[in-house]
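Sharing a structure, written as structure tokens. Questions coming.
In this document, chain identifiers A, B and C correspond to the written order of the chains, with residue numbering beginning at 1 in each.
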């Protein structure tokens, strides 16, 4: 999910505050599909449903948001861009409420199905392993796409210099839309596959973006590897905090972020943009 | 006579690009020096290094005998070296007068006052006088962002000039200005600068401008000075012609 | 011209309320108090900085009042206010050291992050803060005098308006001062500011502290008005609300936040009653409308806007 956020920022140069809501949409959609159509007879179907939900959300919401809204503020000041994504965040928050109501949604079958894994004498829930696997695979795929495929190369050229790419015949607006959609799919993916782990309520979108931003800030805006590392650090910090000082789990995350940014304001892998005169 | 500004063995590489290589220059008080050279020869880098925007790899810069290498642009400005830019750096949302009055207030060290008003009669008077000198009075209450190109350039220089610097570095004062306005800009600038005795070093691409206005010329190529002397002499120098005009 | 309008407006706010029903006075009090936090945001916007966590200082003010009453036994409202100024300044001076280094997105979200940290702290340390139940703020004494119970609402209203108006004036002096202009210059061209011999980080830092203190005082006033404070005052939705009002009112004048805040409080009062599930969406849509069609906010409609806001600026990067 953070990879999606940093990826979107890297290409489109807008930090999408509504990214968390895409996550939430993915989660809700996924949970809803599973609750509606998942069956114990064919457990694998529910995972497929989650995937479907994610892709659906990403592919519909992504282009809509990008073309209808983002496109209009590309050249403008950063404040306006952020405000735009903020207003989308507000709208989506209520869209979720209207579509799925306020009472919690809990689709735990995919989670419980993974059962328990025994490692080194300790029982662990199986689902998180699946999640980690999916996250790693997705991250690698993304990295491969960006560095090895033709699409990836075109993407990089657009990031480096939009005008030149356009002059060379690259359909920049379409690339932007594609990139944003990809980011949206990633967010929804994160949401859909985390959904089985807890009860869904309105507001998770906002909670998640705050943590996601911490991850991305630590890793450096625009760096996918950084996002991965950041996520790892944040996850570890949170787990440690929960274990040792339960009240301070959020605090721990922000502490790490503050420390990292204090010494390296652009994040661990971020790039400093020098101003040319 | 002691030089007001000198660089000693200044060297700056950007990766493989030699922006400055062992540059040892010296400038006398009050002179008007032009610097020419092809793109990438290090002209702007020289200005950036002197004003502290970029740190040199090696070498030192001395201003009135004092070592100023490595100081920040703010410190360098405080000492009396001002600079104008290739692309005018203005406060686009403020009016021309506000731009200047702010420059004056900052010069007086009042940047952190938060109760007294910025716009005061004495500051306005001085600002108006500067506008007069730079022939910008008609634009006094216009937003800087709405000025025509030539006026923007002039304002950019005026802002630096308002600091009453000892040395003024100008980066391509006539670039981007239409041919007709070029002489207008320089005809306005040069008398003011000579009149106040400011040591002026300006980087220029336009040979005619340099020939007409500079007292002394330095020709750069790949971070080194390939010729120095009077404008006519330098521009006739074969090495210079080769580098700048591609002529054998 | 603007001065005449301001004084006339103030007169209206001072003279009319005794004739209005109490609930209106209450909303007005809240609007004025919150306008101070919004003012802080507007001030920072002039420097090109948009903070999504200004509720942090609002909460600092509110909880300073709470702690002062509960643990320090302070009952005098004016003393509490002074304390809030101190804590607000202290907090913003501390965090400003880190935050003044950032711009754009980073600035906005780092502020958000810290405000959420405060929220978490307020929530979890419930022995001290009362957690989700919050803390009660009984009516304070004013300079040793206990307000007349019958005219309580009105008294709190007047104190709020007078204090807020004073702070508005301070903000006005700020905006016309060298520091205020340097801040605007920072937004336009940081490089030029440094080359002129002024310090960008100092300008931002000082402005940040001013903004923090404004919000802190707003927090106290709002707290006393409601009589109760909860951790949600530091939640991101509160910051978002302040940002929204800042844009609704516009950045063209120090009076704009008050206008925006009043409109907001009243509209919210009605909207919430009729359709609670679409409130945020409505906000989002209105925000979109403002961004695209009325960048200067409501204040630009008065035509008195002085070239400060987004709208009137030609930006050529």
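By definition in this document, a residue touches a chain if its C-beta (ideal position, glycine included) is under 8 Å from a C-beta of that chain, and two chains touch if they have at least 3 such contacts.
What you are looking at is a predicted structure, and each value in this text was computed from that prediction instead of being measured.
Chain centres computed from CA atoms place B at the largest separation from subunit A. A summary of chain positions shows that the Cα centroid lying nearest the centre of all protein Cα atoms is that of chain C.
Spacing of subunit B relative to subunit C, judged by their CA centroids, is 43 angstrom. Distance between chain centres (mean CA atoms), subunit A to subunit C: 32 Å.
Chain centres here are Cα means. That of subunit A falls 48 Å from that of subunit B.
Counting partner chains per residue, subunit A shows two or more touched chains at residues 277.
Touching two or more other chains at once are residues 191, 315 of subunit C.
For subunit B, the set of residues touching two or more other chains reads 53, 89.
Interface residues of subunit C facing subunit A in the complex, by the touch rule stated above, are 45, 48, 50, 52, 98, 101-106, 108-110, 112-114, 116-117, 120-121, 124-125, 190-191, 236-237, 240, 243, 247, 277-285, 287-288, 291-292, 295, 310, 315, 317.
Interface residues of subunit A facing subunit C in the complex, by the touch rule stated above, are 15, 69, 72-73, 75-80, 82-84, 86-95, 97-98, 102, 206, 210, 213-214, 217, 221, 247-248, 250-251, 254, 257-258, 261-262, 265, 275, 277.
Considering their complex, residues 173-174, 176-182, 184-185, 187-189, 191-192, 194-199, 202-203, 206, 210, 307-308, 312-316 of subunit C touch subunit B. Those residues of subunit B lying in contact with subunit C across their complex are 51, 53, 72-74, 77-78, 82-83, 89-94, 98, 102-103, 105-107, 110-119, 143, 145-146, 159-160, 163.
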